[in-house]
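Structures incoming, each one as structure tokens.
Both of the next two complexes hold chain A, though its partner changes from chain B to chain C.
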Partner chain A sequence: MNNNYIPTIGIEVHVELKTNTKIFSNSKNGYGQMANSLTNVVDLGYPGTLPTLNEKVIELAIKAATVLNCKIRRQMHFDRKNYFYPDNPKNYQITQAETPIGYDGYVEIDLDGEKKKIYIEEMHIEEDTCKSTHKSGKTYLDFNRAGVPLIEIVTKPCISSPLEAKLYLEKLKELLFYTDVSDCKMEEGSMRADANISLRKNESDPLGTKVEIKNIGSISNVKLSLEKEWERQTKMLDNNEYFKEQTRRFDDKKNDTVLMRVKETGNDYRYFPEPDIPFVYITDEMIENAKKKIPMLPDERKKVYIEKNIPEVNAKKLVEHRELSDFLNSLLDKNVDFVVACNLLLGDISAYLNKEEKKLSETTLTKEKFIELVNKVSSKEISSKNVKDILKDVLETELSIKEIISKSGIKNISDDETINKIIDKIIENNQESVKDYKDGKDRAIKYLMGQVMKETKGSVNPEKAMNLLKVKLQSI
Partner chain B sequence: MKKVLTKEEVLHVADLARIEVSDSEVEKYQEELGKLLSDVEQINMVENYDDERLIAPWTEETKLREDSEGTMLNPKEVIENAPRRAGNYIAVPVVISENESEGA
Partner chain C sequence: MTNYLEKSVKEINELLKNKKIKPIDLVNEAFERIENNSELNAYITLNKEEAVKKAIELEDKEVDNILFGLPIAVKDNIVTKGLRTTAASHILENFTPIYDATVVEKINKNNMIIIGKTNMDEFAMGSSSRTSYFGAPRNPWNKTKISGGSSGGSAVTIAANDVLFALGTDTGGSIRQPASYCGIVGMKPTYGRVSRYGMIAFASSLDQIGPMTKNVYNNALLLNVIAGHDDKDLTSSRKEVEDYTSLIGQDIKGKKIAIPNYFVSDIVSKEIKEKLENVIELLKEKGAIVDYVDMKYLENAVTLYQIIAMGEASSNLARFDGIRYGTSYEDPNGIYDLYVKTRSNGFGKEVKRRIMVGSYLLSGENAKIYYNKALAIRDDISKEFKKVFEKYDYIIGPTTTTTAYDLTDPMDDPSKSFMDDVLSIPVNMAGLPGLNLPIGTSEDNMPIGMQIIGDKFTEASIYQLAAFLEKEIDFCGGVKYE
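Right after this comes the complex of A and B.
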């Protein structure tokens, strides 16, 4: 990538809030349902209808503002953003132009081990518009999305590279997902990102002409589209070409940004306060109640896992799997081997869940059963192979681990005497391999060990058996 | 004071409202909109109480609604009022070309 120009990047993110109902009406907030089946007269903008503000929206917005380190406005109102377009039959969108609920926040990203704060200018609440699809000369409208609550999070122009933009979005997604503010699915549109970028030669120069890239479908495409835009603008500036402020979109087939429209001048929305919704007052009690519902956040979780001796790479993986991480967190006050617990969750259990396309909550695994399993593994009463054998029963039946082990016929051979007896038998029947071992062929011991495992159907503690086998062979 | 809008102002407002206006209409609206503005400006003469800003003609605060579902309209009823429809969708003339889309 060229270094002739410094990019200045700002990001706007729209996030749909995880509520039961819409922001200003009691119709259902849902995705993937039959078109126009989740609406009422308020969502359709019928004359004479009035908006009623959903309390859950305020709670989720306070949670979001808190984890984004924003200040929270105590007296706020809504504004009408006026425009004529079929996605909004009221001819205005109810938003917060003047008194955003959150402001002056930041999100911390990790840039090659160094922390950088990405500053949040403001975070406001607004209603989503209906979804319009353009096809064969017509526009088709589905009002299921009309009135779905959104928060829009706007950064200051303080992002200095496409990579930083990507890291910021990843962090934002993680935070909002963990706080149950949103399910943050970019592919379903519950998280949507617009980025703007301008170039200049030196930090001391005024900002260059701003180009906005709209509706980018994935976090990796945000990075890619900014890189492409940086490249495109560089070429134009190098050739002394003039360009106007404009809106572009990322075309993933062309792998480049394409022009949507040259930007209309600002101030055309003729904002004014929404008189149908009087002032909203955010009380200390509302803030405290919302904060109580914020669970342990990803960074804190990673720290706790590492303190429990879980390797950093696995700590990160756990955090990426919210359900597994929540499950492990429910054991934090218990005295169990967390390394074993983590390995079971990320290993065999994850493999099972992926294969069966199930959630952990859809299995019969309980906290108590899991603790029993972890203890059996960490005390080496059962081997990792045993775990594979009994996993189906562990996750699909109501039986206890003890019952499953006895049912499966796993003999927990861990006493020296029994193991030695088996070893003696194997040595007697495999004299040739014993000779090979004595002649220095290391492979022979693996063969003998294999025979021990075969004889015991894998129910012997392998580490112990290997040690005893070595001792025995040396004594011959 | 009597106000008259400029021709450009009228055309700009018409453009925002997505309506076409003829030259004679422009002249008419220069005066009519000007009169409306003068009328509305009278509101500036009202004294504000306690320097507090009002956004609605009352001072009560918003009562929040519980997040529980109510009755929704039958999709058939929803599209019945639409002049044009396709399946369960309301159809309108295309506003922008196919490769564009408008977000909030």
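Right after this comes the complex of A and C.
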């Protein structure tokens, strides 16, 4: 791509908060239900109704502000944003314009091994609108989403590339997901991103004309749409074409951004403080209580795993599977082989969970049972093949590992005498290979070892068998 | 026609307890009275069928409280499940709510019987009830005079002896001013004392529901029923509810009473001032201490009120868009056409005027220049009252500057209607309780009222003074308690 211009990017993200009920009413907060089944008179903006305030929303917003390193406002209020639109039941949205709960924060991204801070201008609480669907000339309104709690997170215009934008969003998603603030599913709309981008020649130039790209469906499309927009604006600037501030959207099929509207003179939302909701005071206690509920965050988890000798690539994979990572974290104070534990979780156990479409919590695996399994593997009492054989019993029955092993008939052949007897038999039946080995053909020992494994149906301690085999061959 | 509704509440209660009468007798009598007074146009909707049904249901129930079985009229901006609620607007002409306001739930829980929905100014915007889509109510004292407003219908039906109890709402004087014009007792409680849930909002930070009755005791009884914290209204107070009748009958000797000089300035008519003078003399005679005080900002209250009330109203009334409920323009050409036509046809002139002024006041920089500034000065008004209440138990004055004027008086000066409320508005601005008590009549035999204002949550004490004066003054043949 032509890199004559430097992009300046800002990102606004809306995330739906994971609460049981809506922000200003006691209707259920849910997704994928029958249209308008999760609504009441408050959500529909019926005459005479008043908002209540879901305290869980404040707690989740404090958690989010904390992990985004924001300052937290101690005295805040809500404001009304007035505009007419069919998806806006009261024709005003309750939001925070003047006193956002969080401000002046940052998120750290890892850019080719370098850390970069993406600065957060502010994050505020607001209510979601209803969902409108346009079909054959008609508009259908589903108010299930109306009043779902949102936080909007606004960065400063400090993002310098589409890649940074992508890394920021990935990081944001990881943080909000790990703190149980939101399930952050872009495909279900519980996380939505708008990006804006302007170009200029030099860092010292004033910012160029801003173009906003709305409602982008995935993080990779944010990167892609910003790249396309960078390209499009570059061409226009090179051709001395003038363009106005505008809003565009990303079209998956065209693989490009499409004009939605050119920005008119500033919208007048007639903001004023919401008189139906008194000021909210955020106390030290509320902040402490919210912080207590923040679990170990992904970056720290990775660090801890690497300290436990888990390879970085696996540490990353674990963090991507929060349930597995949480499970492993529950063992952190135990003296177990974390490499083996990690391999079991990411290997056979993950494979099983994927195949069965189950969560770890839906299996019979307990912390104690897992430790037993890890210890058996790390002490070589059972082989990885054995693990595969007994996995179903491990995950689907209440039996202990010891009971499973004895039930499955695995004989862990680890006493020297037994192994030597088997080796003797193999050597006797494979004199050719012994000769090859003696002639210096290293491959022969692998063949002989394979015969030993075959003879024992894999239940021999392989390391021990190999050593004994070597000793035996040398003694011939 | 029977005359049960001319008896005292205690007498009626005894009759019900002793099975001498049944609730249906009261209901039938109320409807008969309303029918006889139909030219007063006090009601927008009558609840005849349901009221009769409820009265018959109550026959099997124990008479469990003093208001059991008594008919009550409800202002038509308070929603009632299954009973049309119009706020006197064309836009809600056919609106039947699917839920009850909290005060309505409380009335039902006390086994009172809702008799109908009373006439009012459209969305409570006005002070003569003449902005009602259903035509203005008439003053029972003189049918060519206004009832006052916006709770005009409630004041009229009480003054006409149709029923003993009514609910009104008061944003800038809408309970006290019609109570004054119609010669009844009307209380605007402390902001937050009564839940607003289910009251169709006009100006959220000022609106308050309150009782309207013929006498002080009944008024306190009804406040006992409707007061209290409500989880559904975040602005409702958690302060515990008292028995508001508890101080009625106690002496007022030694009570300190302030009269702001502004309240007896030239804006008030001579005869009203004279009647108030009589009350002041009486108070002094009975051992109260009465002082005249200067209070800042009172003369600015109307301007500030207009900014706050119209700003909030412009937003509160945005929801009437023809999409989810209410009158809707039938064949719109797109969404904006639906908005424009529904609202242009649905709202009356005064409502549209206030929405437009309110929208302007909140536009762009204006919100800071006007609305936010008005909120700040409003705090100063509160502080000014607070200062007075550090030394005094009550502030008193006239409720209105004149008595009820002619229904045919011009309505072309919109600021005139606010001036009707010049003495009542400061009370809303400070969130205080205020009560109108009739204290006499004018030369042309129209009622004159005085206003008793107390510090926040001193309703019981206001009733104490009001009941004391009520007994002494003997307005319009006196009152019956026992």
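Note that the second predicted complex is superposed on the first by the 474 of 476 C-alpha atoms of A that agree within 3 Å, B and C clash if a C-alpha of one lies under 4 Å from a C-alpha of the other, contacts with A are read in each partner's own complex, and residues count from 1 in each chain.
Just so we're on the same page, a contact is a pair of C-beta atoms (placed from the backbone, for glycine too) under 8 Å apart; a residue touches a chain by one contact, two chains touch by 3 or more.
Quantities reported herein were computed from a predicted structural model and do not represent experimental measurements.
Participant: Name the contact category of A:53: first (chain B only), second (chain C only), both, or neither.
Facilitator: It touches chain B and chain C both.
Participant: Is A:44 contacted by the first partner chain B, the second partner chain C, both or neither?
Facilitator: both
Participant: Just chain B (first), just chain C (second), both, or neither: which does A:84 touch?
Facilitator: A:84: touches chain B and chain C.
Participant: Tell me the contact category for A:137 with respect to chain B and chain C: first, second, both or neither.
Facilitator: Touch status of A:137: first partner only.
Participant: Please indicate which partner A:249 is in contact with in the superposed arrangement: first for chain B, second for chain C, both, or neither.
Facilitator: A:249 contacts chain B only, not chain C.
Participant: Determine, under the contact definition given at the top, whether A:271 touches first (chain B), second (chain C), both, or neither.
Facilitator: Second partner only.
Participant: Applying the touch criterion given at the start, work out whether A:20 contacts chain B, chain C, both or neither, answering first, second, both or neither.
Facilitator: After superposition on chain A, A:20 lies in contact with chain B alone.
Participant: If we overlay the two complexes on their shared chain A, which of chain B and chain C does A:93 touch? Say first, second, both or neither.
Facilitator: first
Participant: Could you say whether A:307 touches chain B, chain C, both of them, or neither, answering first, second, both or neither?
Facilitator: In the superposition, A:307 contacts neither chain B nor chain C.
Participant: Could you figure out whether chain B or chain C reaches more residues of chain A?
Facilitator: Of chain B and chain C, more residues of chain A lie in contact with B.
Participant: Of the residues on chain A, which ones does chain B touch that chain C also touches?
Facilitator: Correct list for chain A: 41, 44, 52-53, 82, 84, 86, 139, 141, 268, 270, 273, 275-278.
Participant: Please output the residues of chain A touching chain B within their complex, sorted ascending.
Facilitator: These residues of chain A touch chain B: 14, 19-21, 25-28, 34-41, 44, 52-58, 77, 82-87, 93, 126-129, 132-135, 137-143, 150, 152, 192, 194, 214-215, 249, 251, 258, 260-261, 268, 270, 273-281.
Participant: In the complex, go through chain B and note every residue touching chain A.
Facilitator: Going through chain B, the ones touching chain A are 16-18, 55-73, 75, 78-79, 84, 86-104.
Participant: Contact residues on chain C for chain A in the complex?
Facilitator: Per the touch definition, chain C meets chain A at residues 78-79, 85, 87, 92, 95, 97-99, 101, 196-201, 203-205, 231-235, 311-312, 314-315, 318-321, 323-325, 335-336, 339, 359, 362-364, 367, 371-372, 375.
Participant: Once bound in the complex, which stretches of chain A touch chain C?
Facilitator: Its residues touching chain C are 41, 44-53, 80, 82, 84, 86, 89-92, 139, 141, 268, 270-273, 275-278.
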